[in-house]
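Encoded as structure tokens, the structure appears first; notes follow it.
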Amino acid sequence: MKKKHIVEILLNEEIAPNNYRMVLSAKEIVEEVVAGQFVNVYCNKGELLLPRPISICEVNRESGELTLVYAVVGKGTKVISEMKVGEDLQIIGPLGRGFMILEDEEDEEENQENPVYLEHLIIAGGIGVPPMVELVKNLKGNVTVLLGFRCNPILEDIFKKYGATVHVATEDGSVGLKGNVMDLINQLKPKADMVYSCGPKPMLKAVAQWSKKENIATQISLEERMACGIGACLVCTCKIQKEEETDWENRRVCKDGPVFWRDEVIWDE
Amino acid sequence: MKKKHIVEILLNEEIAPNNYRMVLSAKEIVEEVVAGQFVNVYCNKGELLLPRPISICEVNRESGELTLVYAVVGKGTKVISEMKVGEDLQIIGPLGRGFMILEDEEDEEENQENPVYLEHLIIAGGIGVPPMVELVKNLKGNVTVLLGFRCNPILEDIFKKYGATVHVATEDGSVGLKGNVMDLINQLKPKADMVYSCGPKPMLKAVAQWSKKENIATQISLEERMACGIGACLVCTCKIQKEEETDWENRRVCKDGPVFWRDEVIWDE
Amino acid sequence: MSKVDLRVNIAGVELKNPVMTASGTFGSGIEYSEYVDLNRLGAVVTKGVANIPWKGNASPRVAETYGGMLNSVGLQNPGIEEFIKKDIPFLRQYDTKIIVNIAGRTVEDYCSVVERLASEDIDLLELNISCPNVKEGGVCFGTVPSMVEHVTKEVKKFAKQPLIVKLTPNVTDIVEIAKAAEAGGADGISLINTLLGMVIDIHKRKPVLANVVGGLSGPAIKPVAVRMVHQVAKATKLPIIGMGGIMTGEDAIEFIQAGATGVAVGTANFINPRATLDVLEGIENYLNQYGEEKIGDVRGII
Amino acid sequence: MSKVDLRVNIAGVELKNPVMTASGTFGSGIEYSEYVDLNRLGAVVTKGVANIPWKGNASPRVAETYGGMLNSVGLQNPGIEEFIKKDIPFLRQYDTKIIVNIAGRTVEDYCSVVERLASEDIDLLELNISCPNVKEGGVCFGTVPSMVEHVTKEVKKFAKQPLIVKLTPNVTDIVEIAKAAEAGGADGISLINTLLGMVIDIHKRKPVLANVVGGLSGPAIKPVAVRMVHQVAKATKLPIIGMGGIMTGEDAIEFIQAGATGVAVGTANFINPRATLDVLEGIENYLNQYGEEKIGDVRGII
């Protein structure tokens, strides 16, 4: 049976203004994690009932450590940021469907001499950046990472550590290009076999338009307000194109996503 | 202006099963305390909004320490019992009208040669015992204390330390007389000029009947569920005989009490 | 911090700011004046007063609930004469508006209180129609549109001050009730009063409240209150005093964006005796944060 | 710990214990079956199903509130055919009763779902009458006694399983509504559905929910729910399934003492995926603590 896990907080530090890295001792959870999945974090405060979905930033299967990186944007993340090392945190997970990694081991075996790795392009903005860390660790081909932030970049170094080429844009120009990830794209004109993207909706929409034009297969991680987090309550839906039909249906971001194929997603507004 | 005080917890220890002594550093509060007054303790838990009224057990005007002794009976007192030394506690107080001490200093001055002290009898049960500590400290005459408990007596020694004669009854007979304070009274047949009583309602009612028969002036401390604690919301009322009338009125336990004269109190049920 | 214009106008009466006290939670301010400078409040709304003294219900009168509380005070009050003697002179010492909340068991009860207040130096009347109508078998005045219109119309005949009608949320259609009050001549609407609730002590196996049921207030009910304020603001032209679970300035802004002109702080006073001023400062901070010049600019924008 | 008899009988159907899931919070149990042994539940109440697929409302569909939440799912469902194909066979693997919650926009919608279910292996029907009646201008079925009686009576004609009618709390007089359902032939009553509420994001200056308003659930509403269960238990003879903010066994006992035969756990599942079983164990503990032999001995004792 799955259950709510009670895990110990090993670290909870501010890595940039209002941005925190939390490391948890979560042996039972890290085993099955796929990059792009998330956990639901309970705030343990009587008036805040719903769990907060936070992407898995990174796992260490040996040590059983699970890393989350989160921004304080409201009451729940504030409470979480005030928790102390040694305290217990309640979480469920891993949840959702993460990124698909197409270079699987069978490919490698079949083409042992000359394995074909893909050219990967990761495009992430703000608090959409964290889940890309575990992804980069699991990709075998060349990885280019484009990161956009309002001001203070996070996690830049860790992508480099794992061998990716990193480009940063900040809206205030304090680090890297002054602008957003679309400006980076216009400047760098990157080529790729697969795009992975996570971040604010307007960014995702722009990335989707660009990658469609460039005809690059693209996986997009969506965000929606949630309650159960496991697919039972239907509050977290997004509009998804039905296969072989012109009609659309509401699918659950928590269970059918958060990662969807670009061409499935219907962008309203 | 009065305000909600944020005070430091200096001690919070279990002194008997489910009974706790809490010492607070509360300089601003201890100054004006009269025995029998109480403070309102906020639980600082989102779902528990209302403050908990807890009698002031003892104050130390030099050190600024304020002592509370409380039983864990529900959610709020449970939360309070789990608070740690060094943490902050929010309280307002001192609140209410405490015990009247009739041997005041003027008396002493007038009769310097031969001051007349009263013979005091304190009758308290269970969690009605704590406020009597500060009272004993402030009484000058002979003090006899009758204490009743279900099983584990508390604060017995401290009354002795302050010079009172103490008799204990427990319902299970584990300490002192097997029975309740009325059994103690029947056994000891105490005499007194003034009775002070606090404890469960049935006990108070029995004490009131006895002291009326014995014709001893009696002050009774009542309990009622509260909200504001300062006299504004009228949720904590008890039935009080109107002066010079046959009619009664609802008076506020938090502001007009918790201590009332026996002959004012109307015992329903 | 630039100075924001917080003044609001309720039925022709100008308040220095929108923050007031919710009736019954603040007495007439005497007790809270030790914790709060009453001069800073837009208005003090007094505890409901009737034509004669009422004893109210038996105790216990309060039960804590998850994020809220039930009360069954039962409108205990000293009667209008005592009130006029003691409470109005007390409040008149302060530079704040006085809104007198009125309770009654019959239309005549209400009218006699309002008539008695006609010559008094108070600013607004707030008619609490969440009371049982004894002549109609105890059905609550505020739940039947025709009764709402009738009692409003009758009371208006005697009212010298503008009349706010305070609505109960325990109805199927709050808009219909608000329109009935408007048709009766109300000059403003207060909402919401408490939701009817009950708590059982499962160990003692009896209701916590001596009165069995009581009124639910506090942050638990805020979403219901905001919804009703929004509905009524869209459906009538009357100024609204919004209340129900306001604990912070942000809560108050929510009511104001939903369409409220004034906001009242009730249960929050019990959790924080300075709640009214914290709400006021929170409203100011919000408006400053967004560079708003006057509070009216964020009112009813939803 | 001695074995307490937890069996309850709802309209002739025996459940092994009173604990069930609140419709819409548990899907058809597929997802929660990874966290909870469904065999231990008295019944699973499924998400509302209509005669044809409904898309539901736009997202966001959820807003957190103080001690509660709003939802505006809008009864998204795959339609009765898909439901019968997938959900009933799934649930029939377990030794638990199946209660199918039914949504509709017209009386005919409801009847066609119930008729379709007549030949299916399910135990009870739960008619959700908190839906807007499109033929009556969108007014909620559950708020008008005559509509309640009418829809109940029509549906009963097609019902092969006992029919529970689930009431909305957004009414002036819940007793009148329950009596209308009883007059229409209901075999039981579920209450309460959600209270209508609204939350505004004051920074974005728009409602949090795309649908503007939504249904308030969770512990915040429990006192309203307990009050309504108590009122209806006193006024009708029908068995009641009580719900609204049940988080613990003690909460459930409160509903049972107020007169409920069954209890449903909704929002609590989101806070604790094992909430249903924790409630069940809490009920057992309470009964053991007081040496009760069967759950019926504490039912309706208030």
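Order of writing sets the labels: A, B, C and D. Residues in every chain begin at 1.
One rule holds for everything that comes next: a contact is a pair of C-beta atoms (placed from the backbone, for glycine too) under 8 Å apart; a residue touches a chain by one contact, two chains touch by 3 or more.
Only a predicted model underlies this, so the values are computations on that prediction, with no experimental measurement involved.
Of all chains, the one whose mean C-alpha position sits at the greatest distance from that of chain B is A.
Chain pair with the larger contact count among A-C and A-B is A-B, by C-beta pairs in contact. One finds 48 Å separating the Cα centroids of chain B and chain D.
The centroid of the Cα atoms in chain C and the matching centroid in chain D are 34 Å apart.
Work out the mean CA point of chain A and of chain B, and you get 58 Å between them. Residue positions 46-48 of chain A are each in touch with at least two other chains. Residues of chain C in contact with at least two other chains: 63, 66-68, 219.
In terms of inter-chain touching, the protein chains here all touch one another pairwise.
Only residues 46-47 of chain B touch chain D when the two sit together in their complex. Interface of chain C with chain D (complex): residues 63, 65-68, 70, 143, 170-173, 195-200, 202, 205-207, 213, 216, 219-224, 226-227, 230, 245, 250, 253-254, 257-258, 286, 298, 301-302.
The residues of chain B lying in touch with chain C in their complex are 1-4, 42, 46-51, 92, 224-238, 249-250, 255, 268. Listing the residues of chain C that touch chain A in their complex gives 66-67, 219.
Contact residues of chain C toward chain B in the complex are 24-27, 30-32, 34-37, 47, 55-56, 58-64, 66-69, 71, 73, 76, 208, 218-219, 267, 269-274.
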